[in-house]
Amino acid sequence: MNFNFSGAVLSQAIASGIMLGGLFALISIGLTLIWGVMKIINFAQGEFLMVGLYLAYFLVAWGHIDPYITILVTVPFMFFFGIGIFRATISPILKDPVMNQIMLTLGVSLILQNLALMLFSANVQSVHTRYATWNIHIGPVVISAPQLIALFGSVICTLAVWYFLKTTDSGRAIRASAQNPTAATLMGIDVPRTYLLAFGLGSATLGLAGSLMIPFYYTQPTVGVFLGLIMFIVVVLGGMGNLVGCFVGGLVIGLAETVGAAVFPGSLARVFTFSIFIIFLLFRPQGVLSKRQT
Amino acid sequence: MLSVKNIVVKYGMFRALDDVSIDVGEGQIVGIVGANGAGKSTMINAVSGMTKPTSGTVMFEDTDLTKMSAHAIVRAGVVQVPEGRRLFPDMTVYENLLVGSAHKRAKAERSENFDKVFTLFPRLKERETQVARTLSGGEQQMIAVARALMSSPRILLMDEPSLGLAPIVIQEIFMVVRQLRDLGLTILLVEQNVHHCLQISDYAYVLETGQVVLEGTGHDVLENPMTKAAYLGMAVQEEPASN
Amino acid sequence: MSLKMPYIRILVVGALICLLPLVLDTFYMHIAVLVLIWAFLACAWNIIGGYAGQHSLGNGLYMGIGAYTVAYLVNRFALTPWVGLLVAIALSAAAAAFIGWIVFRYALKGAYFALVTIALTEAAVYVVSNIPALGGAGGMQMEYRGNSLAYMQFAGQSGYFYMGVLMVVFILLLTQWYKSKRFFYQLIAVRENEDAAEALGVDTVKAKIKANVMSGVLCAVGGVFYAQYFLYVGPRSVFGEVVSVQILIYAIVGGLGTTWGPVVGAVLLVPLSEIARGQLGNSLPGSQLLLSGVVMVLTMLFMPFGIIGAVARLRQRWQHRSATPLVDSQGGEAS
Amino acid sequence: MLEVRGLTRRFGGLVAVNDLSFEVNEGEMIGLIGPNGSGKTTTFSMLSGALRPSAGTIAFNGERIDGLKANKVCRKGLARTFQVVQPFPDITATENVMIGAFVNVGAGRQAEAKAREMLERVGLTPKADTLAKELTLLQLKRLEIAKALATEPKLLLLDEVAAGLTSTEVDVMLQLVRQLNTEGITCIIVEHVMRFVMNLSHRCIVIDFGSQIAEGTPEEILNNPAVHAAYLGEEASIA
């Protein structure tokens, strides 16, 4: 291990960690809604992001559309993509044991991953936009502009989803259906439709993530494997369905990755991230922010 | 207003309701009493669409409720206050009430309904911003009733509102039920608490193992010795238990 | 039916399978060996996933421990794989006991259990990739030391084939034998209803840990065999999520918690995906995993109890229709 | 045989069971009754080890068993049935009972013989090879008893074995439980079907809001005004 790194390295690591954390928070908002709030299991969430990334990639690379304008396409597309997948696969077995849902969505993830492999090959794809070179210097620390935009996007998206859940009738219907589906039905809420809406929205946020990430990230058929696991880690850390917690959880994991990478050699930092996750699951399953329930 | 005809509900082999008919007239409180497992909750759930009957009809004025989904029945004005409250535990009192009035018809009357509910339950106004699960049992029951009222019901189905509450709170709850009737609401009330229920009921049915064994005005049923028998098993005890 | 019948069936099928090398060419012999490897691993997973109902998504961890242990010991100390096998058993038993103790003591269930097991097996990938002595990300090649049982290496595929048959027959006999034992009943009780199991005197935590160890050790044995066959181990080829999913998919498709389910699943799916890889591997990469995904989705949607479960249900329905309904003497109509 | 002192259980702010003390003697049949939500099932869960008491002690044959896990309590000879039947749905009735039998028996063959004997005892022999999920409610309730009996309990906790049964079925169940008692098994019965408890119990303990409000023979209980109030609601009128 290498402990004699300079202050500059550390401050850069922290800055990058915050940027990465914003990214992790952004991709995890959807899962917070789907799994955290609605308790729907979707192990293909990472592959949904992969779909969003590819869509954004093609719009930018082939359609020559500005990445931030692709949002107009990626978000609605992912909304209906999510609804389609939900209707065809998850919804019929929503009442089956949890394990069946896990297996089914793992199957979906295998399908999406390998379809992408067949159609787009295993090559790493990325786009070159004028944004890529925009950097902001704060003392010795360098921050890339697209990453900063993604961080802002993550904050805004978190607030938007929070506002939606808190203040609109549809948002409250989603929370009510999750907390007590029977009572929700008895209050005149069409619960199956509410599930569909929640899943669609959770998927749509990944369209947004795809568009915001593509200027500085890459895409590849297996890009969702690691990022999908990160989403689950962030949601658990954030405390299942807590949107603010999700943001904090994203930052924690982002910092763990970059600071870890400065300390541990090679990709061992990943092990550090996983360890944080397992320790949290065992000792503080209610997440970073929530108080322990008695 | 509500008329249940020859309804049969089966859980597997078990007949929870076996050819039961009841009628609820407009502006009445109709009580259904009976011991645990007599089929009272099944009755309520069959009306509100949560359980689909094997045979028989449930008519609400001119609509056949057995053909409608549960949430559509609520929108039509038949609203249940479920057993054990079933609040949305992590939402505030105010949010619980808002969820109650989320469908179109109720949304139009949302502000009047709020006024009505807060006049009936001033205590809920004070607790507006508290999370539902932190409230006492009695207060939670009030939220459940208030939440149902928010969806502009024409008939209210109440399933054991006194369950697990202290005697003084039970009194309060029954007073509210009577008040609601006086405001013109129709109520179907299912209860284990026989005395209270029958005292306020205009008409009542006694259920035993899925069948109506007695019916009449609340007063008549209360005075009938068979009512007690259905509960404590006193009359039956005199027979030899062997078969 | 005699009580010995299931054992005889396993032995007879095993013996018949031994005739296969007479008719199969090299390509199909390779597929046959793969079928045996995956059938063995799926049977091993079936103990914790099928019988105890704890769907571990991380059994690649134990397979990897087996494969890496043997590869390292053979390469570094020129030991015979048989010693490696023993060490692998010890190591995997320790790992499975420790992980089981932590996970089951804290009563992790459902998605949480799945996630922790994935995280563990994925963590193993990153750990191993960073240890130069284990070949890092590139993995380890093993030397071919000659056709000898002592080296667990064979010139042609038939040596591996017979060894694979022995292993699968062994694990089937073991499962069948255990089926009448207290331990397996306790596992099934845990799977079906944990509270009720506790109330009937079953120490559910202990039972699950034991099952995890049994399953883990057998997966490690499968890993040893895998390493000896391919003479190569790599972080992603024996550890990680994809491998772990592959281990369980055959059991799930074939029929969870049945003796033959994992074998049926492997026999049907492995050749399909290998042929897909052989035919389409160049033009359409990923076709074999795509196939796995489709099969998994269809299984969950239309026959969640797998092929064996579906067949049993069909047979039952057929019998029900032909038999006159029994009237229950006590459960008559309410009076 | 069983000595309960000051048993208390709180859930957050709610006191489900409050300072409950009672004794059960060998060979007795005790009815534990009270209205819905009065804490009967919580009491059972504490006795059987499924739930840890917040305070108080439970001694079984002179040995403290409070705080032991359910499987240990069961092996000491205290078995329970569940209010909501808890079968192992995907295996046969015999196999269900075998799991209980394995507490004292090691070999599969013996366990099976014992399971069949228990099924015979509760009158479920015709359904021995039926999957548990295909049984009717009455059969499941019998299975529940057979499973508990297979562990060879000295004390049996019966949680609402008659609830949901038709009156003919209640009679059948009544005979079965009485038979068990004459065979020397001590029982505590939680029950809503009053006819069932009143016919079986030697002694009844009545609880309401988690506290004991009366104790005595069935006749005494039936004539106790406090019990009437708890069950029927107070006679006070609503002004």
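Letters A, B, C and D mark the chains in the order given here, with residues in each chain numbered from 1 onward.
The rule is short, and it goes like this: a residue touches a chain if its C-beta (ideal position, glycine included) is under 8 Å from a C-beta of that chain, and two chains touch if they have at least 3 such contacts.
Just so you know, these numbers come straight off a predicted model, no measurement behind them.
S.K.: Hey, which chain ends up farthest from subunit D, C-alpha centres compared?
M.R.: Most remote chain from subunit D, centroid-wise, comes out as A.
S.K.: Go through A-B and A-C and name the pair with more C-beta contacts between its chains.
M.R.: Contact tally favours A-C.
S.K.: At what distance in angstrom does the C-alpha mean of subunit B lie from that of subunit A?
M.R.: Using C-alpha averages as centres, the distance is 44 Å.
S.K.: Would you kindly tell me how far, in whole Å, the mean C-alpha position of subunit D lies from that of subunit B?
M.R.: One centre to the other, that is 30 Å.
S.K.: Please tell me the distance, in whole Å, between the geometric centres of subunit B and subunit C computed from their C-alpha atoms.
M.R.: It comes to 53 Å between the two C-alpha centres.
S.K.: At which residue positions does subunit C touch at least two other chains?
M.R.: In subunit C, 328, 331, 333-334 touch at least two other chains.
S.K.: Pull out every residue in subunit D that's touching 2 or more other chains.
M.R.: 136, 166-168, 172 - these are the residues of subunit D that touch more than one other chain.
S.K.: Identify all positions of subunit A at which a residue touches two or more other chains, and write them in rising order.
M.R.: Correct list: empty.
S.K.: Given the complex with subunit C, which residues does subunit A contribute to the contact?
M.R.: Per the stated touch rule, the residues are 35, 41, 43, 89, 92-93, 96, 98-100, 102-104, 106-115, 117-118, 121-122, 221, 225, 229, 232-233, 236, 265-268, 270-271, 274-275, 277-278, 281-282, 285.
S.K.: Which residues of subunit B touch subunit A in their complex?
M.R.: 48, 50, 69-71, 74-75, 79-80, 82, 86-91, 95, 98-100, 102-103, 106-107, 147-148, 151
S.K.: Under the definition above, what is the set of subunit C residues touching subunit A in their complex?
M.R.: 53, 55, 57, 102, 106, 108-112, 114-116, 118-120, 122-123, 126-127, 129-130, 241, 245, 252, 284-287, 289-290, 292-297, 299-301, 304
S.K.: Touching subunit B in the complex: which residues of subunit D?
M.R.: Those in contact with subunit B are residues 35-37, 136-137, 163-164, 166-168, 171-172, 174-175, 192-196, 198-199, 209, 222, 231-238.
S.K.: Mind listing the subunit B positions that touch subunit D in their complex?
M.R.: 11-14, 35-37, 160, 162-164, 166-167, 170-171, 174-175, 178, 192-197, 199-200, 209, 228, 231-234, 236-237, 241-243
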